[in-house]
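Order of writing sets the chain letters: A, B, C and D. Residues in each chain are counted from 1.
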Amino acid sequence: MKPVCLVIGAGAGIGGNIGKRFAAEGHHAVLCRRSDEEGLNALVAEIEAAGGSASGHILNAIEDGAIEERIAAVEADVGPIEVAAYNLGAQIGDRKLEETSYKQFEMGWRLGTFGLFRLAHAVCPLMEERGKGTILVTSATAAVRGNAGQHSHAAAMGGRRMLCQSLNAQFGPKGIHVAHILIDGAVDAPDTLGKMLGPERFQELREARGMEHDGLMLPERIADTYYHVAQQHRSAWTHELDLRSFSDLAWWNHR
Amino acid sequence: MKPVCLVIGAGAGIGGNIGKRFAAEGHHAVLCRRSDEEGLNALVAEIEAAGGSASGHILNAIEDGAIEERIAAVEADVGPIEVAAYNLGAQIGDRKLEETSYKQFEMGWRLGTFGLFRLAHAVCPLMEERGKGTILVTSATAAVRGNAGQHSHAAAMGGRRMLCQSLNAQFGPKGIHVAHILIDGAVDAPDTLGKMLGPERFQELREARGMEHDGLMLPERIADTYYHVAQQHRSAWTHELDLRSFSDLAWWNHR
Amino acid sequence: MKPVCLVIGAGAGIGGNIGKRFAAEGHHAVLCRRSDEEGLNALVAEIEAAGGSASGHILNAIEDGAIEERIAAVEADVGPIEVAAYNLGAQIGDRKLEETSYKQFEMGWRLGTFGLFRLAHAVCPLMEERGKGTILVTSATAAVRGNAGQHSHAAAMGGRRMLCQSLNAQFGPKGIHVAHILIDGAVDAPDTLGKMLGPERFQELREARGMEHDGLMLPERIADTYYHVAQQHRSAWTHELDLRSFSDLAWWNHR
Amino acid sequence: MKPVCLVIGAGAGIGGNIGKRFAAEGHHAVLCRRSDEEGLNALVAEIEAAGGSASGHILNAIEDGAIEERIAAVEADVGPIEVAAYNLGAQIGDRKLEETSYKQFEMGWRLGTFGLFRLAHAVCPLMEERGKGTILVTSATAAVRGNAGQHSHAAAMGGRRMLCQSLNAQFGPKGIHVAHILIDGAVDAPDTLGKMLGPERFQELREARGMEHDGLMLPERIADTYYHVAQQHRSAWTHELDLRSFSDLAWWNHR
């Protein structure tokens, strides 16, 4: 039975590539995303065509019980979750305070912070019993600094980061590796950046920075580091790391 | 008409002392707390006996509209809010993940993060129109580091800190001073620390560290710095500062 | 006998204003600067004309023994140093690595880090014996983030900040208050910014941002906060705080 | 011709294992250490016996020109330096301020900060011309927080971290990857920890925490991550990461 890598937020960017990478290394990838069943099926098919093993689920993470039930089902039907990647964003674009509704702010928290809490609530006891497990958390610049227009996103990601530290403090000594991976730049991902910008502006940006020049972060390369972190020996674990393109400024140097 | 200082979370510790201090300096203090009407009335009476001006309100901050309606009423009936102090804690004591319920985690966010968002939503447009205003936010060690047993508290305060940075980025240039004040130690406060420890252990701790030795943070002295920050000239504003007793270790040096 | 406030780096900007402020509050100010005896004498005269007490010394801080001997002489001839402000900068402007000589890099360390170590070496034992004292350290954005062109400055200030934390950890419990004050913006100071830009560009910048609009940090207002920090009760000390103009972005938001 | 991996500080701990790992992956390892020629020769022999390629040099990093000349010689005689690992510590054990001499403090800076500056000065122009290169910098807890007894070490490592950020800001866009690797725990290394504790206490600590239990950091496992970082694709580089044993607390949670 293959070890399971569960990905919450498995679109065509980082999440999907985590799935592909872990599947290529012998895991069964359980891919969950909120919509686009077609894209999800294509991803599963791609992994299987490459000789890997995967399954896909449409999952609305903010629905009561959705994450918890998926975890229970995977553990019952597929096998023990060795790696769980929490890859849900909470970005709603730049919005001034007065343009950020209570509902949006709460949604940011539900996706950005509470969903990870729920995942940890469900999966940590299982991992603790097994004495091992890895939780890889995708994070963002907004986790370490607020900014005008980021009221919702920064609050959600700042909470997420502190939650990761808390989980790490409780569960590290139990053999559960929690890693907070700060994605500090634009990712070449059609499902997130592409949708935010629209196809035309996304293609322009890709041409200006991404293609040929690696100025956009390539999600399959990001996944290399996710995989490495999950493979780190327990005597030398990373809890926090950042990732950005070589040509980009670090968050402490850019607007 | 006196300028108004609104305090959300005005118990016998930091919040009450903010009220006393600003009242002593010529503000009308609007004191809000969730319970203990007697204590609230006593605080108002104490301020008035000292020649100051204050009013008190029982306010359950997590109730829909409670903060918003209080702000509207104060602006209509008392005067423009010049200083708003958000002093609600979200500490629920050390609890392991499995002992932290969804409800508690959400409550932490409602008190620790969302309440400040709601206050800012209501008061920032008014302050922006007036070209000035101060929002003083009490924060905690958990805003800058998680810890085992702090899943709820750290997530809430980490979100609060990033929200403060976001508010500051949008509203600083509009003349609104947002300050994130990290209380990095135990406060000599019967309503919070006292209740958490119980009267006997609280008195023991006070005797061991607080009285004579200033090892517990004295809330009236904390209020000195809140007042100073509110008085800073706009050419030299502090956004983040920490406070602790001289005999205590800084958060980066203590467990 | 008046308590002594020693200022290392007492030009016409922050340092000189620290001297003026503490003198106005009843301290004798001992003002030290590397050059411009005329300016130094004028500053002493200005303080005395205002009814305060001060003395001035030309002091080349990187010379062997210069800081140490000044401290010994002040303690012997004037009185116990209650407050020591270390206000020497190490900024050499933006320089690429290849434009930064070994000598400049070492000079940065001598002014930015080692000088504070020497001051602490000389003054901490005296303060510890008296059970009290305050060391106010002016710091800069470069203490918390490096940047292209800041190789020397950032290394010096990063070292300074960690030294402040170390001093605080050892000497806080002995009653010595060490404060690291991050000046995160341009100061309206003819001796530093003025010299770096030249008189014409400095005046342009002042007109664009400083005068009327408070977009440049006013050193006398910065000194208000230095004074407040030195007055904080030992149950509620600040170790780290930042200062910037209301209209400026915080370092985590600006280039 | 094999790509060269230069290691400054190649003892039996992290540095030697970096050499072994990069040699195993096809690099020629140039190993430099201050003393113990026998140990150095044994390391070279071990690498060669495993089919790798290495050379060793006794090098006193604080001597004028020592680092610079070694780099020039390697480039002339062996080949282009693709990876440079700066692995010199500046730890002198816990010492109070009054027990830390000027000479020790300066030595800390020479090893901890200035040596890296000199290495960068020599190697960055070469790497920039080639459009690529990696500088891996071993760092320590003291880079991110001071502590009583760490005056020298913290100042040196705090300066080192800010220098890394500055180098990264200038040279990242030129294709040079600078990584600051925070070793946040005790390493199972006879040459450093072993010497600091003495053989008996070191063995006790190893037995209590290290052997079987992975409570001490294993240097060969640390080297895995150094190697990964050097292999990261330029679209997804890590600049800062931490490493510690699973059973250890993070620096923000431990004394």
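The working rule: a residue touches a chain if its C-beta (ideal position, glycine included) is under 8 Å from a C-beta of that chain, and two chains touch if they have at least 3 such contacts.
Quick caveat: nothing in here was measured; it's all calculated off a predicted structure.
Participant: So which chains are sitting against chain A and chain D at once?
Facilitator: Common neighbours, chain A/chain D: B, C.
Participant: Hey, how far is the Cα centre of chain A from the one of chain C, in Å?
Facilitator: 44
Participant: Using the average of all C-alpha atoms in each chain as its centre, how far is it in Å between chain C and chain D?
Facilitator: One centre to the other, that is 34 Å.
Participant: Which chain C residues touch at least two other chains?
Facilitator: In chain C, the residues touching two or more other chains are 145, 147-148, 165, 168-169, 249, 252-253.
Participant: For the protein chains shown, what form does their contact graph take: line, ring, star, complete or other?
Facilitator: complete
Participant: Which part of chain A faces chain D closely enough to touch in the complex?
Facilitator: For chain A paired with chain D, touching residues are 165, 168-169, 172-173, 175, 177, 188, 214-218, 221-222, 224-225, 228, 231-250, 252-253.
Participant: Can you name the residues of chain B that touch chain D in the complex?
Facilitator: Residues in contact with chain D: 144-145, 147-148, 249, 251-255.
Participant: Mind listing the chain C positions that touch chain D in their complex?
Facilitator: Listed in rising order, the residues of chain C that touch chain D are 96-98, 102, 105-106, 109, 113-114, 117-118, 120-121, 124-125, 142-143, 145-151, 154-171.
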